[in-house]
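Two complexes are shown next, each including subunit A; its partner changes from subunit B in the first to subunit C in the second.
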Partner chain A sequence: MTRATPHLTYVESLRRALAEIMADDPRAVVLGEDILDPYGGAFKVTQGLSTRFPERVFATPIAEASIVGVSVGLALRGFHPIAEIMFGDFIALGADQLINHAAKYPAMYNGAVQVPLVVRTPMGGGRGYGPTHSQSLERLFFGIPHLKLIAASHLHDAGALLKLAAADPEPVLFVENKLLYPLALHLSADGAVRSFATTLDRFGYPVTTATNYPAAQIPDVTVIAYGGMSRLVLPLFDEFAGEEIRVLACFPSCISPLDPAPLAEAAAASGRVIVVEESQTAFGWGAEVAAQLYAALGAQLHAPVQRLGAAPTVIPAAKSLEDQVLVSTAVIRDAVFELLRST
Partner chain B sequence: MEHPLAELFYAQMALIRRTEQTFFDLYAQGQIHGTVHTSIGQEATAVGVVNALDRTRDVIFSSHRAHGHFIAYCDDVEGLVAELLGRAGGVCGGVGGTQHLHTGNLYTNGVQGGIVPNAVGAALAEKLKQSGAIVVVFLGDGTMGQGVVYESLNLASLWALPLLFVLEDNQYAQSTHKQFEHAGNLADRPTPFQIDRTELTADDVLAVHDAARHAVATVRTTGRPYFLMLNTYRLAPHSKGDDMRSEEELAAYRARDPLQRLAATLPEAKRAAIDAAIEARLDAAVVQALAMPPQTLVSFRQQGGGWQR
Partner chain C sequence: MFGEWSKPSGAWVTKGEVVAVAETTKSVFDIEAPAAGYLTLLAAPGAEVAIGEVIGVLSPTVVSLDAVHAWLVATATPATETTAEPARSWTKKAELLAERHKVDISQVPAAGDRVTEADVEAYVVARTSSQKTARGAIQADVNDTVDDRYPANRAQRLLIIGGGNGAIQIIDALQGVRHQRAVAVIDDNRAIHGKRIAGVPVLGAIDLSWAVDQHAAGLFDAAVISISTSIPFRERIFDEWKSRGIPFANVIHPSAVVGMNVTWGEGNVVMALCHFGACATVGDNNFLSAYCSIEHHCVLGNHCSFGPSVVTSSRVRFGDRVRCGTGIYIEPGVTIGADSIIASGLAIWQNIPERSLLKAHLGYSIRGLATGTVTVERCLRKRRHT
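== the complex of A and B ==
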């Protein structure tokens, strides 16, 4: 197992885990576009891999349906493929393979086969790449039976999470985040993070809870989010400590299917919940979380669950527009103040 | 002079024919829930190709019209009948039904073309394992409209994979003739990918088998893909009640029925004995399947479709 070193970045953690998976598992195979050295992948997660494992790292044509489809065939026949889709937006081209093939075979063949496949892909905006290179299209795959969506925030040991996904007998869409790649992982009570805990959900995936107050106290507000939203939530910890607002942040990593129990526990602690997702909120992850929390907690909630996310439009390229269309630390801050003012 | 394989091939083709006709009967009786896609008239392609494979290691991918490939591969008519009748004893526990079959090294799915890159991945797997196995994927003329098929032709050639593409061109995608769907000649499709091909009319199962043996041997010895185009014809509707073809056209192809053509080469007594055995076997398979309880949700959850493990 990788022992996460304090200053390992998100991308370094993933890169190291990929190499360890390949070294430990002779059936692991990596494929994707532009992943061979010296380029090593658009976001450098696969850098060094083709040099070390030339016979099990495959550069593919620009053919996302086949990248996923070939991986499905490899998985059916005993391999453990880890595919990279260069930008998460392109997973739309692989949707038939994920939905109608990878996620179908085990159940429709009555349990006779497994498809232990990981499709890694970076989602999210903030880099000015515009409407087709900035989305968070994991939203299209929420609730697909027998497909797991695993999202790594920088409050998770991203590499360890990738190893869990690679060991999962079910197909996994592994959601990375472009803006997290250069950030150092934050895996302990350190600085504004006064308490830090990880529990496992019922699927065996970690749920991180972090607070800006000592563990014994009661939070004023609970922020539930996943993946790249950790970059926006963590800066609030310092700021709110100054305002004496106690924030509990809860980051599950298995975002679909969703184990509501750890989220309900985090929500019940304050009774005031804000769910943050990078994609548009309508029909989104926050809606599912809210429904689960209402079912679990009912009157224990002091206020309606608030959902934050992108404006209901494309992600524009211009910085002046993109900054306002996407959810931001400022938007979350305002929502916290508003929620506390009204309850 | 009777060909040494004629009796075996007749028995398989007649079994496929009578099984699929039985499915139509069961559908008409309300016993089959859903749909049935038959390959009546196309049996020579399944029997000719599958018998050219090494059943102990080769891998088969097929489509919504796979009963023939399934029976030629494993002979498990009882499991197939129970599957279409939705019984727990079906080959996929009744979950998959007619279009979603798996047994041994055979896999089918109901989305046109989607399974083709899976076959590419399986061929890559066998190559990495150095198993000596080859993979065969059955396609229809309609499937040649899917972009992912061309991605797969490209990859199979680029990566030199042991993959045999078998195009069963029955001229119709459901109700639409191929002339309304495809520019150019389907037999030319593999050429720009530098994949060699053979094209033949699949009326004579023995000729199909010879061509398939050559194709399989080529894939196995070169480790490269090959494309076998078989011109065939579906004598029954796409599923049921959706046949728009003229009686004249159907009559012309009935006169070329590959099953009857093969039957004519066998002594009458031998053919009759095979037919009688098939009738008895199918009658028993239906009785046995109908006596099984329908698949239960409890069993489905435990065995195959467990809710979110």
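== the complex of A and C ==
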């Protein structure tokens, strides 16, 4: 993967990647609600795109099922559609097209067709958008065969990841995070990040591991998370370094299906694992990670895998209440303390 | 984003009157006056304002802008910091380690400015060594470059009860496995206290309350009884220690063959080259010497002690506390009653009632050979003459 300029923001990285995909691939088309200039999309990821490629960028009605459905049709007929769902909460309306059509066709037709489709959408709360604009509904799509869920943290080169997704012959739900958009990507060992490494999982997607201690030392705790959780984990690096707490953070980008090998390696390094997800923990991603780690490591784990996530309720609009429902840096900090206190 | 004011600065507004319009990403909404008063405008139209930021002031009289600013400064609440922790002279890691080891961190001396992880570890080691001179304690796993990476709790740490030949056999078996290791031996024989058995320290007499403390301190994970010669001793120790919450481990020599679906109790000792057929059931606290074969679907009770080469056919059932000598063959489906003793060299084809003593009647004689070179011919010749 090409390394992005260090100070490129998450949104700028995605914006540039979209333009490069369009320039390189004449079959690429982009469609979504309000994505045309001058508005350029609710989160400005598509800003400038319709000016540069007016014949291949389409504004759609507010109808997510048809956005995904039309994209599936385009993909079947040889286009490379990249659809934007303005808020990830509304991906539920496109679920049937993704689950029962996009993901199934290649297997149902014995490989005679492909659905090289990317559906981009921002997930996550923290902006006071309330119950229907703050969720992390990628959780509904975990474990759907032949549907890839790719989540970009700001420890990933988000744009390069989008290019990988666009080149994937299988349909991809590409999960962005609202609060990451303005953040500068963090792609090297600098500041509180003392070591930074990227490996590829068995699906060819990058897994980032970052530590707050020099490479030769042994971590106290391994934090496994994805997407927007990098925003919460990274602030602990600096704080913990001064307190002799060595944390290894592992961020896979292909979150479903899941290659357990790089996660198990990260987990074995400390034997103490905290999995953080923005959505609720019950029946969630952390449960799958924990099961995979138990199978791979067994008694190498010193303590039960801890899962952190949102409270099992709707996400309030009032910021003060929202903060109580969503997982936070403070919650992760306390979980690390508790784990080190007991084991 | 703050939109615009609907009222000019200095205007009198009543409670509930719309004074301004603001917008968020998704909507535009009215701001109503929370009370009546003269309005002083602070936020500029179109400005980005933070949640909690003051956009305007309502006052009971007309006041100057300077007075409003002075009032804001005077009444400003300092930004609430994250609940400040009391000042501490140790790192958080040191504090957590101290809690883990049940150490009062204020008692730990610091090598540098603050008490560090290394200071706590050194303190724990020193404390453990002083306990050892008092009574003998199991060495904690600290300050070890290997154990820091692979701490002892990844391998089950065993306390061996009894320091005789059984202990040596158990330690020998453990040298071939990676999931268990012996950390200490205890034995009532004072002559071996303070010595080591194949590297494992003999810490003192068999003392349950001491062991309970050591186990509570996390210094060993499970116990195993190495004494095979006294079944009453095995049973008593096992029951007493279990009743105080000490877990027992199965120690199985790595050369043993265990078939599928074998059910294990705990506290069993299985020596080299033993075999357990499929679906066999093993109770608690049995001691099986080398080459025993417990065939498929056999059931072994508790507290049994077998010499080498006790070989069963299928579906044999043993009661509790059965003692077997060496080289015993048992036919299929036979039941051996509890508390029975079976002498070496027997083949058993019938059910044995409880509390039976089986003695061998296969006699043999021993004769001394003539001195000098012994050859086969000479022996045969000698036999012909007798």
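FYI, the second predicted complex is superposed on the first by the 340 of 343 C-alpha atoms of A that agree within 3 Å, B and C clash if a C-alpha of one lies under 4 Å from a C-alpha of the other, contacts with A are read in each partner's own complex, and residues count from 1 in each chain.
In this text, contacts are C-beta pairs under 8 Å (C-beta built on N, C-alpha and C of every residue); 3 or more make two chains touch, one makes a residue touch a chain.
Keep in mind the model is a prediction, meaning the values are calculated, not measured.
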Overlay on subunit A: subunit C relative to subunit B, clash or fit: fit
Touched partner set for A:E243, first subunit B, second subunit C, both or neither: second
Touching partner for A:T60 - first (subunit B), second (subunit C), both, neither: first
Which partner, subunit B or subunit C, touches more subunit A residues: B
Touched partner set for A:Y129, first subunit B, second subunit C, both or neither: second
First (subunit B), second (subunit C), both or neither touched by A:F196: neither
First, second, both or neither for A:Y294, with subunit B first and subunit C second: neither
Subunit B versus subunit C - smallest C-alpha distance in the overlay, whole Å: 24
Footprint overlap on subunit A, where subunit B in one structure and subunit C in the other make contact: none
Footprint of subunit A on subunit B - complex, ascending: 59, 92-96, 100, 102, 107, 109, 111, 114-126, 128-129, 147-148, 151-152, 154-155, 158-159, 300, 303-309
Of all residues in subunit A, those that touch subunit B in their complex: 29, 55-56, 58, 60-61, 63, 65-66, 68-79, 81, 96-97, 100-101, 104-113, 145-146, 170, 203, 257
Touch list for subunit A against partner subunit C, complex: 42, 127-129, 133, 218, 220, 240, 242-245, 271, 299-300, 302, 319, 330, 337, 340-343
In the complex, subunit C residues that touch subunit A: 24-26, 51, 82, 91-94, 96-97, 99-100, 116-117, 148-149, 151, 153-154, 179
